[in-house]
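Next, two complexes with subunit A in common: one pairs it with subunit B, the other with subunit C.
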Partner chain A sequence: MTPDLVDLLEDSGLTGRGGAGFGTAVKVRAAVSAGATLIVNGCDGEYGAVKDGYVVAHHLDELVHGANLLGRNGIRYAAHRGSRTESLLRAAGLDVLSVPQRYVSSEESALVSLANGGLARPMTKRVPVVFGSTAPDGRSLPPTVVLNAETVWRVAQIADRGPAWFRSFGTADEPGPRLASVSGAVLAPGVVETAAGVGVGDVISAAGGAARSPGGVGLGGLSGGWLSPAEADGAVWSRAALAAYGFTPGPGTVHVLGEDECPLQHVSTVLDQAAGESAGQCGPCMFGVPAAAEDFALLAAARLDQGGWHRLRERLGLLPGRGARRFPDGVAGYARSSLRAFADEVDAHLAGGCSVTYASRRAHAVAV
Partner chain B sequence: MPSPSDTKAAPALVVDRIACTGHGICASLLTDEVTLDEWGYPVVHTSAVDPELGDVAVRLCPARALAWTARP
Partner chain C sequence: MNEILWFVSRATGVASIVMLTVVLVLGMLTASRRPPQGIRSAVVMGLHRSLALGASAFLVVHIATAIIESYVNIDAISAIVPFTSGYESAWVGLGTIAVDLVAAVVVTSLLRHRLSERVWRAVHLTAFLFWPLAVVHGIALSTSDEPVLRGLTIAAAVAGAVAIGWRVFATDPDTERRRAVALQEWS
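Let's look at the complex of A and B:
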């Protein structure tokens, strides 16, 4: 790790590709001063994300090169246990941190805990983990810097091609090429290479285009939110533009719903899954998310009464800021954004119907 | 990125959500500033808490889940 590299990263404006979008140069500079070990996060922890696996499968040499530039105090590669990514990393002879399949397991402090013999559960962070952390049993854990696999790959590219090349992609505020994972009703689902500032429609086109008339677009997975088809039509894919909707592109996941899918039923299924993802540590997450998911299931089944509707909104408003690692914030924001984007559909469901006939039948069958 | 010594912000009372087990002592002491949700976990409505009363709440929390972000 040379000071020169930090300058290159500063000039390039690279930000973390794991979703939070924090400046990589700042993080790496802190890691250098603290003598931190490096964890390359290849978990694709966000719902719908497959890009870290793509980087490992297609750009492993550059990924390892980037990691070697950054990690002079030890490097581990985190991947979900049993994933193809894990076996590819092992086959390359790399030191793999095998991570259990759970939403919060690949969160930064959960990885640090796991890497030091603890459970893969988020820890209370009083200071950033790059300065060291404290395990639940009181042990001091060494300074650790966790960088997303795509971020580390970009570091290698910047070292090789320079900041000017990097800045020739994207916008001035959100420079550089970036990967998107596109799923759902598109003709060629998978990873596409794009950049901030393009249209959401352009990202969908890069994945072969919508397979049928879209019924809504979800961005940023469980920590992100939803756009209605009309909103998605003109929306720009960037943190700056999506801020108006209250979320970010996150780690670049894009999920396209077909017009034949009930969006509320889809969101309900996702929330049910989220309700089972809690690490069992925080009350709001253990109790609040399942409670909200239950009400949402009733809404999707067009069986939520006015009292339930009030309760659901109250719970979604109560949750923000109340869970360690912001997991409930993410879930609450995700659910709230679906209520906004699909307001017409919400009204139809509160009136006892669903304008997507197929989904209505299915929702009814589930509810009965 | 804030460094460990960067504690210039006004002290606020914060709940460590991982440590909190919902005893509710904080809400009994700080009746205006803290209420309990339907599962008995605290909702802190304002960071402007009387320092002396806040100190008592911090000291009496059985889960040691209540803390000042900086010393008042």
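Let's look at the complex of A and C:
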């Protein structure tokens, strides 16, 4: 790649579309100086994300062009094993890194480990992986830069159309077009092209609008959080605006709950799945997350007593900052934001009921 | 008098086996993946140490009486150097090795504060060797005509074997979860 490209990226203000939102120019500059190989991350690892697959399915030529601009030292395309994305990449004759279908396996350092013959588990990062990393067995792994597929596609667009075009989308702080993956109770679930600064409601409208009146909106998947219907109504879809709620748009996932779904039941199901995602490398992840998920399941079933409620909040408070990686932090933030957004529903459940499913549960009880 | 010494030697020998087996079981508890917690850990540790010293006293009497009495031919040398006794050289020899190991374990434990943890631990691990030697020595010698003594020795053998098995095979929740996760698809 040329120094010109780094300047273009700097001027455009492109940030990583994988969720962390780190400046792409900084990362690419480091990759150039370290002579890093490139991994294009097309895993859609976040719950609800489908946009990497969308980029591969609809903009593969531009994606490959962007990767070729960036990856002078070798390029691999990471995709979940057995996914449509993987077969599309293979059909195009690209060097595919086949990644196990696991939440933590598509994390940057897990991909680097897998690409170098190790397990697809996150590693301890002493320095950013772009400067090289150390495997659990002590081997030195070469410098590797991992960029999200949408990010690489944006690089090609910026090289082609220039920073001014890029900055004509979004806000001054969060410029550029971006993709959102909208799922749940919407008429046309899937990927929408949008930009930071629009309303959360606008993103939902772009996916055909809510199929029923919404019962809550989840943003950023398992590392994000929840907005109540009232909060979602006026909320702006940007990092700056969502900071007030303690999370970010992440990689752009938007999940709409219908008003006839119990939000706590939904969150509980997600937490149960999260409890099985641990890479088994630290206690908070192996035991803390499942313990919190267990209590949350009792809450969702309206069977949590006051002692349990105290314990659940205590455990969610203990998870952040104690793991080897940030997975427990993300899960705790996700669960806590649901307790905030659905506080009325939490009160109803602690009182032994559920305003959404009460009627059906009573019918069930009578039947039993 | 000679006969009394012979009976004292046999009695203290069996008592030593029983006590050392209790010491072994307590040690296995302490070193296992699910060690006793809180006040119980202090009780287990205290018993382990006190009983070990107590058993050593019985061992000293057991050996001294065996040397002094003249019913069988065991001299002072063969109490230290294995396989040198005139009487049942092989079975007495196993007991001699066991005693040498016990002496090493006791001395290094008494001097533990002056030794590196690695040295102490390496010597302490020979307890895994000494105990079966002592049990075989006990079963092979002098208990054959006494069902009570033989029964005690065999009971000690079973108890110690169970404790060792538990020490080796018992796991903790951490190990179990890591093992289970490692079996999933990771590459």
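One rule holds in what follows: the second predicted complex is superposed on the first by the 358 of 368 C-alpha atoms of A that agree within 3 Å, B and C clash if a C-alpha of one lies under 4 Å from a C-alpha of the other, contacts with A are read in each partner's own complex, and residues count from 1 in each chain.
Going forward, a contact is a pair of C-beta atoms (placed from the backbone, for glycine too) under 8 Å apart; a residue touches a chain by one contact, two chains touch by 3 or more.
Every value quoted in this text rests on a predicted model; they were computed, and no experiment measured them.
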item	value
Subunit B versus subunit C, judged by how many residues of subunit A each one touches	B
First (subunit B), second (subunit C), both or neither touched by A:27	first
Touching partner for A:127 - first (subunit B), second (subunit C), both, neither	first
Subunit B versus subunit C as contact partner of A:287, first or second or both or neither	both
Which of subunit B and subunit C A:303 touches, first, second, both or neither	neither
Touching partner for A:90 - first (subunit B), second (subunit C), both, neither	neither
First (subunit B), second (subunit C), both or neither touched by A:313	neither
Subunit B versus subunit C as contact partner of A:72, first or second or both or neither	neither
Which of subunit B and subunit C A:239 touches, first, second, both or neither	neither
Overlap of the subunit B and subunit C footprints on subunit A, listed as residue numbers	283, 287
Subunit A contact footprint on subunit B (complex, rising order)	1-4, 16-22, 37, 39-41, 43
List of subunit C residues in touch with subunit A within their complex	173-174, 177-178, 180-182, 184-187
Residue ranges of subunit A in contact with subunit C within the complex	100-102, 105, 114, 118-121, 278-280, 283, 286-287
Residue ranges of subunit A touching subunit B (in the complex, touch as defined)	22, 26-27, 30, 122-124, 127-128, 130-131, 136, 281-285, 287-288, 318, 322-324
